[in-house]
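Two complexes are shown next, each including chain A; its partner changes from chain B in the first to chain C in the second.
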Partner chain A sequence: MTSVTTATVVPGEPGAPKAPAGPGNRARGGARLRPWLYLLPSAAVLVPLFGYPIYMLGLLSVFDYRQAQVSGGQPTRFVGLENYATLVGDGRFWSVLGQTLVFAAALVVATLAVGAALAVVLTRAGRVPRLLLSLAAMAAWAAPAMTGSTVWMFLFDADLGLVNQVLGIEGFNWFYDRWVTFGVVGATVVWHSFPFVMVTLYAGIQAIPGSVLEAASLDGASAWQSFWRIIVPMLRPLITIVVIQSIIWDFKIFTQIYVMTNGGGIAGQNSVLNVYAYQTAFGSSEYGLGSAIGVVMTLILLVVTLFYIRAIHRNGERL
Partner chain B sequence: MKILNWAAAGVALLALAACAPSTAPAASGGDDKSGTLRVWLFDEPNRAPKEKVVGEVIKEFTAANAGVKVEVAYIPTTPARHEKFKGAFNDPASAPDVAEYGNTDLAEYAAAGGFSDIGPDLSAWSEGKDIGADLLKSATVDGKVYGLPWYIGIRSLYYRTDVFDELGLKPPATLEELTETAREIRKKKPDLYGIAVGGEYTFGAMPFVWDAGGDIENLASPESRKGVKTYTDLLSDDVCPPQACASLTGGKTVELFAGGKAAMGILGNFNRAAVDAGAAAGKYAVIPLPGSKAGTIAPAFSGGNNLGVMKNSQHRTLAVKFLQLLGGKAYQTKMFEAMGNLPTLTSARDELAAKDSFLKPFLDTVAAGTRFVPIDPAWVKIDNQKVIPTMLQKIATKQATVEQATDEAAAAVKAAFGRS
Partner chain C sequence: MSRSRLVANVVAVATAFVTFFPIYWMVLSAVKPAGEIQSLQVRPWTLAPTLENFQRVLGGENFGRYFLNSVVVALSVVVLSGIVAFLAAVAVTRFRFRFRTTVLIMFLIAQMVPVEALTIPLFFLVRDLGTAVPGVGLNTLGSLVLVHLAFSLPFAVWMMRGFVAAVPEALEEAAMIDGASRSVVLWRILFPLVAPGLVATSVFSFIAAWNDFIFARTFIISATGNQTLPAALLVFFKPDENDWGGIMAASTLMTIPVLIFFVAVQRRLVAGLGGAVKD
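Let's look at the complex of A and B:
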């Protein structure tokens, strides 16, 4: 999605490479076309792959499109913004949206804290512990979301789970209280996503010249101070990108919630937007309404993505 | 140049706007008398006995119809079955000729125009008159019969005879007694649940509502509320604590009863094998779920599966023949012996009742009258949105009062009917 936006926006912008002044009109025309030519291969792949689904999503969201329409039993009807009006008037949509935002925000903070802490640990640890930590993180990263969720669910099973057996609280249901459930699911999500943050920041820290840190410690800075005053400011561009990526991922969370809470928990108290959209579209066969939720999610993420692109550009200028 | 660009963009936009989302081509069947007949049957936790009976059917069928092959695919009963069926309706090339489907899904499939009307075929069939009228009704939409009821499952009250004997209790004769008995058991044996009930067990809860005079279409009526309250009162610390029971599905309550963790349970005749394989084996008996008045039986849900012929089947005659063989008396009886599925043909049921006393409470329940979900595509929506489980769970976890939760559920039901 991001690439599509960059691909189509950049050449039209005033900042796009200008043709060098000089040899004749023909050469100038060729130079104007050249960026488009370069973009052609990636556009050929990305436009059908991303553009078409998004176009269909938008199209479906303005139609009355349910199972009877899909299988041809009833004619498809254009309803304009009716699906969106239904959504705005639906109290459940707003509560799920609010819940999703809060949950995603908490996940981003937690992922970043864990990832950054372990990145620092990685720089300080000896060879063997570093190797072990890296391996453990890579394994977590490599585990498919489905597998990870199922394993965590087993760990926290009320009767047979390892956690309850170790704590001696057999029969305690971790998926009963709304916030406890979000806690367990959140821990699973963080476990899945911290390795990316850790590896990225570790690479960033390694790239900081040792002399800078040495100078700081000569000036009497503690480890804590040199982290906040030296490392964090120098890594700011990197952190910005990691944060925005985490926001995008965590806002779209689906598998962990769907698997671990059996599609939204007791009385649907743990539902998030993506699960809600899926259930609306495919569970209730309200493809039009489900698409409208998808469009709202896409727009929200598009705003975040714009910040992401800006961050990358600014980054590029600085370096 | 600029104008040209704009013009091109305009043309492109127009072209895009012209295409509305596609719909499947109108299904049209055929009537090939040879080739491969494709059949979809539901997968079961223990499929081997079902597969064996189906194997016999195929043998008999291919012997009688030369040049015909039968290909059976077992599809999961998870919600993914909806997608599979929708896919089959939308794409004739991947559709089977004969399919087994849950009778609660009927209305949606009928609205989608997926199955063909086999009413005339059934009335011309010698065994067709043997299907009970209320059962045939559960396969009928707008006067068209979209399937042959293949088997039904009926739920009744299982209870632990050893626990009842030890505590000197009598099996409950009314719903009120059921609650009292369940409380007493939990009090005297705190490691047992009085009765295994679940917040996601719709068909465990509905008999309470139906018995009180309520129904799915009017969940906020005083009668429905009374039934809902009686059921959710069981989801309390002194019977089945919400912490453990609020998220239970019907299947999980079977596990609890079979595992010896509950003194009672609302289980189906089809759960017999599971209970016999568990800790409760040999220590239980079954009675019909009592109603609120002594001597009455709470109406049970007549859930079951139908066999239908797809509208886009290319082998209509063969498909109907196969359906009549598989759904006929001989194989319904064999299917009962293999899987415990109650036959839909009255004569087959009567024969079995004489042979097997275990069936008596279930057949008594059938005789007292069964109920069904609304035959309307709205039901699938109500089911998929978990309207009834959400209502039960909100009450059980004290997130809402009975009044609030039933009001909410009634609004959701109304919305589902309005938009279907």
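Let's look at the complex of A and C:
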């Protein structure tokens, strides 16, 4: 792994950033401590507020920690992996895990397809249409998840919503059937997240030398062919990063589900892992069990992150 | 050639319309009189725009207060995380030290942690912290500032790294040869030069803190005066009769500041993302 080699690089190696030489660089010991001094404020924030909670999440997950323990009525009891055993034997956990994976996968595919298609459209459109689409996408990107959710809920409202009136199906409840609900929530999420993909890939396409695409079209390549045979292979590193980013974001969806389905839908049918963990902890006061779900989520994302780091290294980026 | 351009233009304009429509609908519904919102004949325009929804929201529901709370939290996070992230970015770009890559990888991994799952331990942490240090316990804005500072920091460092690296080191070396001290070089030379990058980075910190729903909902339990916008919005949802005019007015109030902020810095944003993603 490159990480190991770069970690042990000695000062002064060519290409390595080196501490500027000068009068301020008097003592070797001082120069060695200085980066840590600059990192100190970050550490002072991250260790207690980020590192410690992660440790505590793991700790809570191996304890029986419920309302009685929180209020001090009963002593906290170490239960080992009992919370995890409960999860494994809980059919509901597996169904939530399953639909989280399916929902996230569908979101990633939809976001990427829409974002990539529009990035190509941007390269071919004229100035004014390009500007219009960029501005509209910026607006969707910037809109808070909360207000995006409320607006889409209003658009799909059973009685007063625009969608039902235009379609002439007044009274149809979009938030009743599990998969129809997921569809509406998914559309909201894609609306929020495709601009990032579009803008990033557009920038990537712009960076491809025009002569390459020109040569392909002279050789008789269609737009479709030059997309799959030239743009995609050349942008592979960028696409990998965008895909993994999207996986991470879509796997963690919380606000849209929580707000649009009022905490997970009818009988929790639209729950995803994040919402399920939250409801288990704060809804049912099963803090230990909720933490165990949180640990499972963290581990899944950690695996994705390792792929991410590998992808960055493979792109030859020097950290 | 011209046919493919025509298709692209049509698709671009149509998508722009669809993408912008929810925002338009939100603002339109916010200024529609109550009668038109209740009406079953929906029209995509209004001939009688009114501010009554805004007045009701700002007056009756104390929304002005929540708005101010959100501003205070978001701006505190932006200022603090800007300074802290700048120092960390200088450390990892200008110095070569043991564990530098490890530190960087940890900043990267920290971005991936599902922070929503951390609400559980953080709830207890903040509760206990409140008994020791007043002002950062449950029901305080301080607790929100602290957690958002922590969660925005890893990405801010990651992004600032690119901006600091883009400043030629020769500038600092020249200043040092002229006898400038380290802190002068840091704050008088490097800091102003990366200020544009700092602005772009701060948009992300601002948006994350401004949009946060889950921590506001978890930490601010009883002190309704310390509510922030996203959680306060839920007040308008009533089991059977949603006040859509009020909800849309409140949503508009919540969206406008981010929108202005975002559009103002969008150029730097894309440049910065390029730095953060591709380097």
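We adopt the following convention: the second predicted complex is superposed on the first by the 267 of 319 C-alpha atoms of A that agree within 3 Å, B and C clash if a C-alpha of one lies under 4 Å from a C-alpha of the other, contacts with A are read in each partner's own complex, and residues count from 1 in each chain.
Methods note: contacts are C-beta pairs under 8 Å (C-beta built on N, C-alpha and C of every residue); 3 or more make two chains touch, one makes a residue touch a chain.
This is a predicted model, so every value here is computed, not measured.
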Item to complete: Pick one for A:Thr111: touches chain B only (first), chain C only (second), both, or neither.
Response: neither
Worksheet item: Just chain B (first), just chain C (second), both, or neither: which does A:Ala158 touch?
Response: first
Item to complete: Check whether A:Thr76 is in contact with chain B, with chain C, with both or with neither, and answer first, second, both or neither.
Response: first
Item to complete: Mind working out whether A:Ile266 is in touch with chain B, chain C, both or neither, as first, second, both or neither?
Response: first
Worksheet item: When the two structures are overlaid on chain A, which partner does A:Asn173 contact: first (chain B), second (chain C), both, or neither?
Response: first
Worksheet item: Just chain B (first), just chain C (second), both, or neither: which does A:Phe282 touch?
Response: both
Item to complete: Check whether chain B or chain C contacts more residues of chain A in the superposed model.
Response: C
Discussion item. After the superposition on A, what does A:Phe254 contact: first (chain B), second (chain C), both or neither?
Written reply: second
Worksheet item: So, does A:Arg124 touch the first partner chain B, the second partner chain C, both, or neither?
Response: second
Fill in: Touching partner for A:Gln67 - first (chain B), second (chain C), both, neither
first
Fill in: Shared chain A surface residues [contacts with chain B and with chain C]
56, 60, 70, 262, 282
Response to the item:
Within the complex, chain B is touched by chain A residues 55-56, 59-60, 63, 65-73, 75-76, 78, 158, 171-173, 175-176, 262-263, 265-269, 279, 282-286
Practice prompt. Show which residues of chain A lie in contact with chain C when the two form their complex.
Written response: 3, 6-9, 11, 16-25, 31-32, 34-36, 38-39, 41-42, 45-46, 49-50, 52-54, 56-57, 60, 70, 118, 121-122, 124-126, 129-130, 132-133, 135-148, 150-152, 154-155, 157, 159-160, 162, 165, 170, 191, 199-200, 203, 223, 237-238, 241-242, 245, 248, 251-252, 254-255, 258-259, 262, 274, 277-278, 281-282, 287, 290-291, 293-295, 297-298, 301-302, 304-305, 308-309, 315, 317-319
Worksheet item: Which bits of chain C are touching chain A when the two form their complex?
Response: 4-5, 7-9, 11-13, 15-17, 19-20, 22-23, 25-26, 29, 37-38, 40-42, 44, 83-85, 87-88, 90-105, 108-110, 112-114, 116-125, 146-147, 149-151, 153-154, 157, 165, 169, 172-173, 176-177, 179, 181-182, 185, 207, 210-211, 213-214, 218, 229-230, 233-234, 237, 242, 244, 247-248, 251-252, 254-255, 258-259, 261-263, 266, 270, 273-274, 277-279
Worksheet item: Which part of chain B faces chain A closely enough to touch in the complex?
Response: 16, 20-21, 23-27, 79, 82-83, 86, 89-90, 108, 111-114, 199, 242-244, 246-247, 377, 380-381, 384-386, 389-390, 393-394, 397, 399, 419-420
